[in-house]
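In the two assemblies presented below, chain A is common to both, partnered first by chain B and then by chain C.
Coming up: the complex of A and B.
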């Protein structure tokens, strides 16, 4: 008579293997980004409450806790972006009878796109703030 | 060399045992000995009651998969010399699958998943036998890596999503669906897309990616599944368009 043993996946499955731990780290980058989003939302709420409230929020950003949160969020965003872009050539394969693009070019295009987007954002912010900053 | 190495084998004998337990064996260790050789040594010289599966001894039949120190491996393609420093090898049946006995995992669920996606060439009408369905080397290259699968199920032992939900079609089945969908001679993708699109299809994959690391044939199932997500997206759009025009699914 058959009596197979049915294994149960332990809750700690992701601790058992470095590959799983790397995966969980990538997924966990969502958490600091959630906190950062809440921080920005709080900023908008404080802004609607008047200048004093907004100034308090701005000064909180420069406390050690504020800087730590922003630092972790930046590191998480970078880690997520780098690991995700590295996976792109495995997902986006353009190869048909009519059109074939070298996977390395697909990867380069994504890296350049990310770089251009971020530089553009920083540039646009500086450009918008310039007159106010100079005044 | 005449040194030895210890194997900690997880045993399960359905007649006597209520749960798996560990038994240690000391086996000879030489540079050319595989884990399969060690298991065969145990079976022949130490303990004939040990059960394990194997056939080809050359990474072709796909039947000798076990967990070695927590990693899914073909025992015939894994060598004792690489574990000399660790001193002891923990060998157990493949993770995420029911254990029939000792190191024998029951892969029938995996085989059913593979069958479900119709992994064969489907044609609308059979061409007369005297003409071949020709294919260029570039067309073959599009699916070639995905056709190297030996159904060893190491990728299923590596997949935490399959461990959570055995209904998930899993790496090898979804890779084979892609393998035939990408074949220029095939006309059956409309029969496979419902499987890719299903809850148990490509969307249950969260790109852990470990399946591709453990695959002994460099199939890269994680890439196949995630390319399947792109195919599933496109299929959704096409079907929406066809629905508006009163036609059936593509």
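Coming up: the complex of A and C.
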């Protein structure tokens, strides 16, 4: 019978080293981001049920629990964005005979893209919904 | 050799991570601002209704829900391993990836039967 060697590692392995703690914090961003995605999904359900149900969902966003979730999710999304973009040039390596791109350019392009995407989205929301202008 | 699901789950994880990095903070900041910006929920409902008439808008909305679902399911699934939480692969994998798939399918149903 096979008797595989079981490496002994304490469950608290990640608490001792700051780099491991940062890694676990980065992975933990998934939890608030999942809960926020479920909040958005609830918005789609409420939207499909009509105007009144959608207005109820909008009021959920403003409850203390809703604001707390969105606040934690915003912090998690910012940490995710910074750590994700920093990893992109290590994973997206464009280094073949036909095409070579300096990793610094890959990093810069994704930094600019993430800035443009996020600021553009907030800008579009403000432009569409500014009280003086529209809905 | 048994075929691995890793290329598929990692592609969805990667796509979700990229989407969350490019629009995640902006999207959350936007919904936080909704409370102060929206004085008339009916007008916002009408705006979103006309926007969602186009199939491409519905597809984009589905992507904004489904890809983060797969991204977070992947990270939480592997996070269990990091925390030494053990269980049968079919059960844990089925819960996280199956859950993401089921919620994505439900989201598609709700969006495309509007």
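To be clear about the criterion, the second predicted complex is superposed on the first by the 108 of 135 C-alpha atoms of A that agree within 3 Å, B and C clash if a C-alpha of one lies under 4 Å from a C-alpha of the other, contacts with A are read in each partner's own complex, and residues count from 1 in each chain.
Following the convention adopted for this analysis, a residue touches a chain if its C-beta (ideal position, glycine included) is under 8 Å from a C-beta of that chain, and two chains touch if they have at least 3 such contacts.
Only a predicted model underlies this, so the values are computations on that prediction, with no experimental measurement involved.
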| item | value |
| --- | --- |
| Touching partner for A:17 - first (chain B), second (chain C), both, neither | first |
| First, second, both or neither for A:27, with chain B first and chain C second | both |
| First (chain B), second (chain C), both or neither touched by A:93 | first |
| Partner chain in contact with A:6 - chain B first, chain C second, else both or neither | first |
| Winner by number of chain A residues touched, once chain B and chain C are compared | C |
| Chain A residues contacted in one complex by chain B, in the other by chain C | 9, 14, 27, 91 |
| Residues on chain A engaged by chain B in the complex (per definition of touch) | 1-7, 9, 13-14, 16-17, 19-20, 23, 27, 87, 90-93, 95, 97, 100 |
| Of all residues in chain B, those that touch chain A in their complex | 12, 14-15, 19-20, 70-71, 95-100, 106, 138-139, 142, 158, 160, 163-164, 184, 206-210, 213, 220, 222-223, 226-227, 229-230 |
| Chain A - residues contacting chain C, complex | 9, 11, 14, 24, 27-31, 33-34, 36-38, 40-41, 44-45, 47-48, 51, 54-55, 58, 61-62, 67, 70-71, 73-74, 77-78, 80-81, 84-85, 91, 110, 113-114, 117-122, 125-126, 128-131, 134-135 |
| Chain C - residues contacting chain A, complex | 14, 17-18, 20-35, 37-48, 61, 64-65, 68-69, 71-73, 75-76, 78-79, 82-84, 103, 106-107, 110-111, 113-114 |
